[in-house]
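So, here's a batch of structures to check.
Both complexes shown next keep chain A, but they swap its partner, so chain B is in the first and chain C is in the second.
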Partner chain A sequence: MMGRLRWSWFLMLPALLWLGVFFVVPLGMTAVAAFARRGEPLEWTFSMAAWVELGRGGFGVVARDPDDAAAGWRFQNEALAVGWRTFWVSAATTAGAFLIGFPAALFMVRRSARWRRVLYGLIMIPLVANSLILAYAWVTLLRRDGLVEKFLRTLGVLGEDGSLGLIYTPSAVVLGMIYWYLPFMVYPVYSSLEKFDWRLLEAAADLGATAWQRLVHVLWPLSLPGIMTGCLLVFVQAAGTLVFPELLGGSKTRLLGPLIHDKFLSYPENYPLGSALALALMILTTFGVWQALRVSGERKDNSVS
Partner chain B sequence: MFLTSIFLLVPLVVLVVYSFSGSRYATVWGGFSTQWYVRLVDNVELREALWITLKLGGLSTLLATVLGTAAALGHWRLCGGGTRAVPTFFYLPVMVPEIVLGLALLIFFTKVWTVERGLWTMTAGHVVFGVCYVFAVVSARLRGFDARLLEAARDLGATPWQAFRLVQLPMMVPGIVGGALLSLALSLDEFVISYFVTGAGISTLPVKIFAMMKKGVTPEINALATVLLMASVLLALLSIMVQGKHRAD
Partner chain C sequence: MRLSRLLAIFCLATASVTAAPAQTLKLLVWEEYLDPSVLKAFTKETGIKVVEDNFDDNEGLMAKTGTGKSGYDIVSPSDYAVQIMVRRKLLAELDHAALKNLKNLSPDFTDLYYNRGQKFAVPYTWGTSGLAYNKKKVKNPPASWADMFEVEKLQPLKGRISMLDDAREVAATALLALGLDPNTGKPGDLEKAAVLLRRQKPFLAKYDSASAEDSLASGETWLAQGFSGDIATAQAENPDIAYILPKEGVSFFVDNLCILQESKNKAAAHVLLDYLMRPEVALVSMNAMKFASTNKAIKAEEIDESLRSSAALMLPAREKRVLFMDPGQEMGDAFEALFNDLKN
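Coming up: the complex of A and B.
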């Protein structure tokens, strides 16, 4: 029996070693680098410089325009401003993916098996394609004098020289990301709806519930775990994305992903600051994943009882 | 759902249609032409990038498949078909944002283990996520394996090695092939990690495409994107077929 156990560990050892060397150690070093001194590009000397720089400007907010209250407000601190923008771009992506994904999953689950397979394949298209290619497809559609503007001009809705200024805005990033992350929303929602007992809706109808009441009081609570999982999956991934803000967001829509990228790959590099930002992102997403696992775990317990 | 289908299909249809445009501009239709595909074949830099992408995909898939399969087998022998004790460790790399994995490896390869960055550093990164997917797929396959079959084989006079090779291994093959295909598909498409840990002058196809896209929009990129899209779809279909065929058994 001892031999059998030893063999089993021996089989797992190479993979564990690989993950240890090329995953655990690098992540650990990233955490250390956030407290190291900036050098060429990094010195292993303790320093809080990155965190001081992160906190520069304090955590207060100021008016965008002192004379115009309607112009809104912004964070004085750059990292916080970017973090806040990342948060609401991810939140908008999640909301958009839900608004498209939930009805789609609901529609799919009520079709025949053959139909379902076709629709499922359709929804999963973004998953098999490359994110760069999909972002690029949206660039050709949304850019100035792009196909959307050309189409509207042909219809006469838009003037000959008119432009909608669609690309290089947060909305363009959100649109591209909804497209790319839709499968991550549809899949968990679809799986939870698949297990849903549709006779419950009939029962509710027999007891006099209106269509709205059936949706809100029966279908919604029972599909909530799947929805939560989908939302967190989309949110967590959208928060760390690089490709979509780089290609569709331009320089005005700075998000956390491109900001981290610049600290490592653009001159002047700042490894400690980049590592500190990465740590912040990690904490945000780990929290999200943990929540997603907890919620889907609860669902399993519920289905057993 | 009709609108959703349009939303999903329009960008891709437009992409493919305009790759056959004769015009120099990606959004002007200049009559049917295959000139951009011809240009693509003649592009030496792209050919080089494709070759690196294929080498990287092959190397990392091979390593990930061997390591992941061995680990899945080891884990199965330790705790049988138990689904409870699935080591979360093997799922961690997939949960970490790609960009964090990329920059962590960049720090590692510049400040901890200083090596010249290139094919091998990218391989190291690709194996990290490849191993996790192979482990997950092969583990799922092993979960349905009845350990008593091995005992039966032993009772009939097979050595432990024979029992494994003739009874357990054939049953694992679909999982191994499925995991390897998944790992290959992800490696060929992977951009962020390669971008972070590649060396000067060494580009994979996605890294090259990204550089081209940053420069501007040309039908040549459309043609390239179309080819890659077809390749991904074929690989996905192949993977589904391999898994589906064996699920029927």
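Coming up: the complex of A and C.
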């Protein structure tokens, strides 16, 4: 028994080393840099300046455009303004991925073993390509006078000079990300549905449950852990995305990924503020993930008892 | 037994690596800066190997080399980046005795504010960021930056305009339109510029520095702020693209070749720099990459005909050239904040 235990630690060694070197070390450097003094680029003396800068403006709001009241308001604090927008874009991406991914997983799991293997592989195809190339391909599709608009014009849905006005908007960013992150929704949902005992649905039907009741009271709670995992994977990745807002969003509205990128890679660089932003985002998402897993864990326990 | 054989092979392998003294220069330069054939010919002539890596903006270059332990020998920063890198003591002083071809450089690009006496940098290519437009689509082409902020002029081009995705370049267009100095953007000046830029933004398709010329050439956009060399590439694809230097003045840049202080191959690096300043060598890169050379020894008739009449070779009058200077931290932050606010 002891011998087996010791061996099992050896099995973990590569993973521990890998994570230790490539995750913990950079994370530690980020944490230290967030409390360093800004210099050219960094002075290793303790300073809270980055956090003061991060909180500047507090929760106050200002007009989006001082010359145009109709433009609405935004948070004065840069991180909050950008974070708020990032939250909604990521939430929309997650919702979209769920609405497409859940029925797809449901369909897949009801096929024969052979079909399942084929479909499982097909879902993976987008991940084989490079996200940058795919984003450029999406620009080609969605752009003004692009393939989609040309197609809609031949169908007569769009006028001769009509345009969808879709490209270079946050909606285009969401569309691109739904596509790119869809596999991360389908796979966990599929895995949880695969373990689902379909006789439970038959039992529910025998007891007089309608199709809707069977979905809401049987299938949904039992596939919730998979759905939660899928939503988390999509949301967390969408919140940190870099390529899509720049290419599909036309770099017109800031999201957190590009904002953090700019703190490091524009002049004058601000490593402490960039690190503080990255750290804050990481703490928030970790907290969110922990809460979500706790809730879905409780649900699972309840449904078993 | 097997282990000792492995060890023997390992020792042999390392020995052969250390025995060969072949020098290798590591370059970190702009993408589409040097034609690959040029570097191959250099290796053939001198035996010095060259490895080339690329960066896409000065900020990325400075981030990569900022530690002084990047492992590179030669870099190609723009004017203001040379100024910053000299201040950060990252660049080596040039040995003019080893750079006989410095005499080939045009006085238009030598002895500029960041590089008095060519102490740290060999100016190699230059360009402008003016306005390019599609002649078939734009009925009343702009002549000035001020035109870029007039709603009536922008209205027919709504959603067909792109500006560079760069805080300094975009702010400069508004400051020039207002008759203000793009290099001393005081807070009050920047607020005035912000008003103009906010007014302009709803008419833009995008802010884009990486593929603005592709969108212009394909007809997706009709009017774009762009770098002259990139626009020359678009002109080669689409003959309807025209380029103007707005009358208030235009952002003008010089990209340089510099040797890093950390380089252990400074002598070989000088050999390459001198080689690249030969007119016939500079010409190859210029014709291939479409960025104008600073080399005055290149004969005009040897330049590709299409390039001669392109955006790339439109040199603004001396007093219209706006060279960016290091804004320093406080003002640099103000420029960044202006651009970020515009995107919030």
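Operating definition for what follows: the second predicted complex is superposed on the first by the 252 of 305 C-alpha atoms of A that agree within 3 Å, B and C clash if a C-alpha of one lies under 4 Å from a C-alpha of the other, contacts with A are read in each partner's own complex, and residues count from 1 in each chain.
In this text, a contact is a pair of C-beta atoms (placed from the backbone, for glycine too) under 8 Å apart; a residue touches a chain by one contact, two chains touch by 3 or more.
Just so you know, these numbers come straight off a predicted model, no measurement behind them.
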item	value
Touched partner set for A:Arg143, first chain B, second chain C, both or neither	both
First (chain B), second (chain C), both or neither touched by A:Leu119	first
Touched partner set for A:Ala79, first chain B, second chain C, both or neither	neither
Partner chain(s) touched by A:Phe22 [first = chain B, second = chain C, both, neither]	first
Which of chain B and chain C A:Trp9 touches, first, second, both or neither	first
Partner chain in contact with A:Phe264 - chain B first, chain C second, else both or neither	both
Between chain B and chain C, more extensive residue contact with chain A	B
Touching partner for A:Ala276 - first (chain B), second (chain C), both, neither	neither
Touched partner set for A:Phe107, first chain B, second chain C, both or neither	first
Chain B versus chain C as contact partner of A:Met228, first or second or both or neither	neither
Common interface positions of chain A, toward chain B and toward chain C	41, 136, 143, 145-146, 246, 264-265
Interfacial residue positions of chain A with respect to chain C in the complex	38, 40-41, 64-65, 67-68, 74, 78, 81-82, 136, 143-146, 163, 165, 167-168, 246, 250-254, 259, 262, 264-270
Residues of chain C defined as touching chain A within the complex	57-60, 62-63, 66, 81, 84, 88, 159-160, 162, 165, 167, 195, 198-199, 201, 204-208, 211, 215, 219-220, 327-329, 332-333, 336, 340, 343-344
Touch list for chain B against partner chain A, complex	1, 4-5, 7-12, 14-15, 18, 26-27, 63, 66-68, 70-71, 73-75, 77-78, 89-90, 92-93, 95-101, 103-108, 110-112, 124-125, 127-128, 131, 135, 185, 189, 191-192, 195-196, 206, 209-210, 213-214, 217, 221-222, 225, 228-229, 232-233, 235-236
Of all residues in chain A, those that touch chain B in their complex	4-5, 7-16, 18-19, 22-23, 25-27, 29-30, 33, 41-42, 44, 100, 103-104, 107-108, 119, 122-123, 125-126, 128-141, 143, 145-147, 150, 179, 182, 236-237, 239-243, 246-247, 257, 260-261, 264-265, 271, 274-275, 278, 281-282, 285-286, 289
